[in-house]
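Chain nomenclature is as follows: A, B, C and D, assigned in order of appearance, with residue numbering initiated at 1 for each chain independently.
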Amino acid sequence: MTTVTILRVVTKILMPYILLFGLYVQFHGDFGPGGGFQAGVIFAAGIILYALVYGLNSAIRIAPPVVLESLFALGVLIFAGTGVATMLMGGHFLDYNALSPHDPIHGQHWGLMAVEFGVGMAVASGMTLIYFAFAGRERVR
Amino acid sequence: MEHLPVLLIVVPLMAAPLCVLIRQPTLVMGFALVVIWSCPLMAATLLQRVLADGTISYAIGGWPAPYGIEYRVDALNAFVLLFVSSLGAAVLSYAPRSIAREIPQSKHHLFVTSYLLCLTGLMGMTITGDLFNVFVFLEISSLSSYALISLGRHRRALTAAFQYLILGTVGATFILIGIGLLYQMTGTLNMADMAERLRDVTGVRTVLVAFAFLSVGLALKMALFPLHLWLPDAYAFAPSAVTAFIAATSTKVSVYVLLRFVFSVFGVGFAFDTLGLDRILLPLALVGIFVASTVAIFQQNIKRMLAYSSVAQVGYMVLGISFASVNGLTASIVHMFNHALMKGGLFMAMGCIAFRLGSVDLDRMRGIGRTMPVTMALWVVGGLGLIGIPVTAGFISKWYLIMAALEQDRWVVAALVLVSSLLALVYILRVVEVAYFQEPAEGDAHVTEAPMSLLVPTGLVIGATLFFGLQTSWSAGVARVAAESLLGLSR
Amino acid sequence: MSPLGLYNYWVVIFLMMTGFYVVIARGNLIKKIIGLNIFQTSVFLLYLTMGKVRGGTVPIFAEIRADIYTHPLPSVLILTAIVVGIATTAVALALIVRIREAYGTIEEDDLDAINREE
Amino acid sequence: MSPSTVLLLTLALPLVAAVLTGLFDRRPNVREATTLVAGVLTFLVVASLVPDVLSGLRPEATLFEVVPGVSIAFTLEPLGMLFALVASGLWIVTTNYSIGYMRSHDEGHQTRFYTCFAVAIFAALGVALAGNLLTLFVFYEVLTISTYPLVAHHGDEKARRGARVYLGVLLTTSVALLLPAVIWTYTLAGTLDFTEGGILAGKADNLTLGILLALFAFGTGKAALMPFHRWLPAAMVAPTPVSALLHAVAVVKAGVFTVMKVAVYIFGIDLLASTHISVWLMYAAALTVMLSSLIAMTKDNLKARLAYSTISQLSYVVLGAALATGSGVIGGSMHIAMHAVGKITLFFCAGAIYVTAHKTEISDMRGIGRVMPITTFAFLIGALSVIGVPPFGGSWSKWYLALGAIDAHQSILVGVLMVSSLLNIAYLLPLPIRGFFSAPEGVANPKVKEAPLFCLVPLCVTATGCVLLFFYADGIYRLLAPLGGQ
């Protein structure tokens, strides 16, 4: 792989900001535009950019597919687990009010946060996995 | 207990990612089996409660019905849930041995995950009372079934899955358009609420267009002739366990959704009196039955033959709907169930044959009645059910269908239904003759009976077709209650 | 309202037909998927259009108080549909890659010919 | 044991036998002993109910409710009693004969043969005991399916083609005609129970009833009413014990039994007599009697000739039902038993000749009586009984049929009965005549001698039966008397 210094340097500078922006979108989701899905995509874009510039192998080193698969599963579990938690606390499935019986607004807040976190995790790892799956194929003929 | 409706969906949904986390094939399978057998138990409890106390409603997130997403269980969908989950569980119990030959071990946990997701999607479509939810769950089940089909050993599984993906997505998008137009007209997504509000806008053209988009989309998903083109390849080349599962459940759930839309959302009056739906469905169903059965007769690949037979059987279900009477709907609903059992069992038996022979071609099946007597006996019982011979479940479906036709004085339809079952006789007999009255080929003389772990689930499913051919109060009885409630005659 | 006043719907119909045509008429599997995406996008636009309220602002509950908001629900629904669309595309692309590996072509006519020979 | 338990036991025994024969695949002696024991037990159990039925009791048993108001249910009434006795009694004899035939012929797949045979008997008993039309239909179809492997037994192209015709005709007629008739009856009457006096009176106009009757008569393909008789000659490819089963014991008798049962318990003979809807059926049956007798005369193959003879004899029973008079019904029902014993004798003899002398064509059987005197004599007795000559059983049923025709003021039919008896003589007697009086030709082979004992004993038993039935016909008459309202 030819090394293009400018790209590598720029990527190195941009990476933290991309990931940070991803986190911002993630946690700002319940106040403004944003949320787990968008955040996950932005996060994944950061990793994909890294893979494009530094090569697939380095990217796989920082985010091994096995870990990504587990994170994906975990993300879904967090989402559904929140729902189960609300049920265990006496509400209906995904009834966030039940999370904080004294202050339903807070309950909503926490619930959304947890769910969006799960979504973000699943989407980020899912997107990266899809990229890896395609990029990792050998060329046919 | 109160959470049962949502648990039914959440349990397999959460089990799916857990399977990815566990990874180890044996553990995954054990875990999935425990989870999946809990589903029919829950569904049975639901059905029992619905029959005793009437419709159950569950508000997701605690948001009450017209605003939030509602899971709504009545006799009809509790019944569908029960048989879909039971067959899902039965086929998964059969799967470990079957996929060992057909799917590389590194993919087993992904197979189980997709399987659980597919089941979740199918049950979700059935249980939800929210239109948009139907679409979401439809896509969950479709996407996982594309993945499942593509796992087939033959490379044609890939093109089959792709073809299904294109047509399935077009169908799903049609449904999405229909739902969007309905939402535009009524401002609600809740089925019960929409049924109320649609009464004010019956004549509006948007509603008609929405109805058209929905029915075409669903017809694609349930493989109603002539929109069945994806089905034969998909069934023929998917792994045996996948074929058994999809054939037993997927199209039935789409038929259920059609029933739900036509009768619960749009109402009989609109669909049949205003639109004349029966004038479209009846000929389509009949032509479908005849064309598909005839094509089935000429198939060499027996899985493909059974696939065409499935297209024909969907015709019977739609025929029952087109009568719009209690007996007609009972026939449809009970045939959904009976056909799920028969086709599931037949494809499971095909899986046993593929397990030993590595092929499902008619030529290779010579003399198999002697080398694999139990498998073939089960196959024959399932086949007799397709013809509609008494004592098998298929007879009960035919009985109600004929009765529905006769009570509306549709002699020709009744006669055609009866004649069509003779076409089934031809394609079943063709296999029987080869299997029992021809000598095995040189290389296949040593073939032995399939292992018990395959035979027992197959036997249970086929045995159930015999049981429900005699004891019909649990099948036709429930179907009748469901049919009456769909037509608004009770509760 | 003049027919052209509903120009969004014209766009929807145009996209829908374009997408549908591409799905049916193109033999290249990748192009089919592109067509499918255009087809789905038209539906997304349909939903967004019906949620739009003329003069309405972003439906976010914050400092700015406005009297008219765009209906948020269709946007929410369509977000889900977009996710589904992405998943479908991903599965489709994965299948196409596998088909290319197994058959060496992604032209539908060639695939049919190969399948028929078998 | 309560009578209803006994009823279910009757059905269970052959089924158990079927399972056991399947299990004893490797031990032929045990397998065949099982069949024999089951046969004897079944017959005894059926016979134990005779006094009950004679005294007017109707034992009942109900199993599952299949459709609302219609269950799989059993009721034992005189007609069913007679058929059950015939089926279970002749099962014993046929089993004995099968052992001799199958072994000396070295047939393959003998386990499949015995298992399917037992299932067929089970189905025939189910037909006999059926308490409603649905149950009858269910067992009727089971009978069709279970005999299919028997007909296709040899497995070669010829056998498969014959079996295809067999299954095709029987299933087509039953599914396309009989089933709608059953469902239609259900929608009209709301019940399918066999009730004395019928269930259809006053439920429909004459046209509907006429169409229904036609559906029933032609839908019962096993009754071989022309033009749905093709399956019978086609099924001749089967081994001889199977032909005996098909033609004498189970299949055809289940067919005519169904027609009789429908006439008596679904329509009711009063309804038939008062509306005259069955008149066309009398002529259809009479036509079948004449035509098939004529065809029988042209056949040189012994089994084919017997097949057409069966078609003609079956129509006597249908005729009896269609006459809708007391004597007609009794005569027709009696003919079920009389013809069964006579015809089975003839088939046993045909099989015995085939096994020992390997002859199938009548023209080749000159002088057969000199080498196989017992067999040929038994054939003569069977033939005379079928023709209706005293002192053989067949004379009684023809007598009552003729009486019935007179009661119904159908003197033409009396003539038909007479002429057909003459035709019977013309096609049945040449064999014994040639057998005894022609010089042996070819069969003078010194190796050819009397058939094996296992074959010989059964055919002597049934031939004796033909004689006994003449003297004990009174018992049958008393049993059947309630049917005719006497």
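Everything that follows uses one rule, which is that contacts are C-beta pairs under 8 Å (C-beta built on N, C-alpha and C of every residue); 3 or more make two chains touch, one makes a residue touch a chain.
These figures come from a predicted structure and were not determined experimentally.
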item	value
Closest chain to the centre of mass proxy, which here is the mean CA position	B
Selected pair, greater C-beta contact count between B-D and A-B	B-D
Distance from chain D to chain A - Cα centre to Cα centre, in angstrom	78
Distance from the mean Cα position of chain B to that of chain A, given in whole angstrom	36
Chain C-chain D separation of Cα centroids, rounded to whole Å	69
Inter-chain centre distance, chain B versus chain D - centres from mean C-alpha coordinates, in Å	43
Pairs of chains satisfying the touch condition	A-B, A-C, B-C, B-D
Complex interface listing, chain B residues touching chain A	3, 6, 10, 13-14, 16-18, 20-21, 58-62
Touching residues (chain side chain A, partner chain C) in the complex	31-33, 37, 130, 133-134, 137, 140-141
For the chain A and chain B complex, residues of the former touching the latter	69-70, 72-77, 80-81, 83-84, 87, 91-98
Footprint of chain A on chain C - complex, ascending	58, 60, 62, 79, 83, 90, 93-94, 97, 100-101, 104
For the chain B and chain D complex, residues of the former touching the latter	384, 387-391, 395-396, 398-400, 402-403, 406-407, 414-415, 418-419, 421-422, 425, 429, 433, 436-438, 469-473, 476, 480
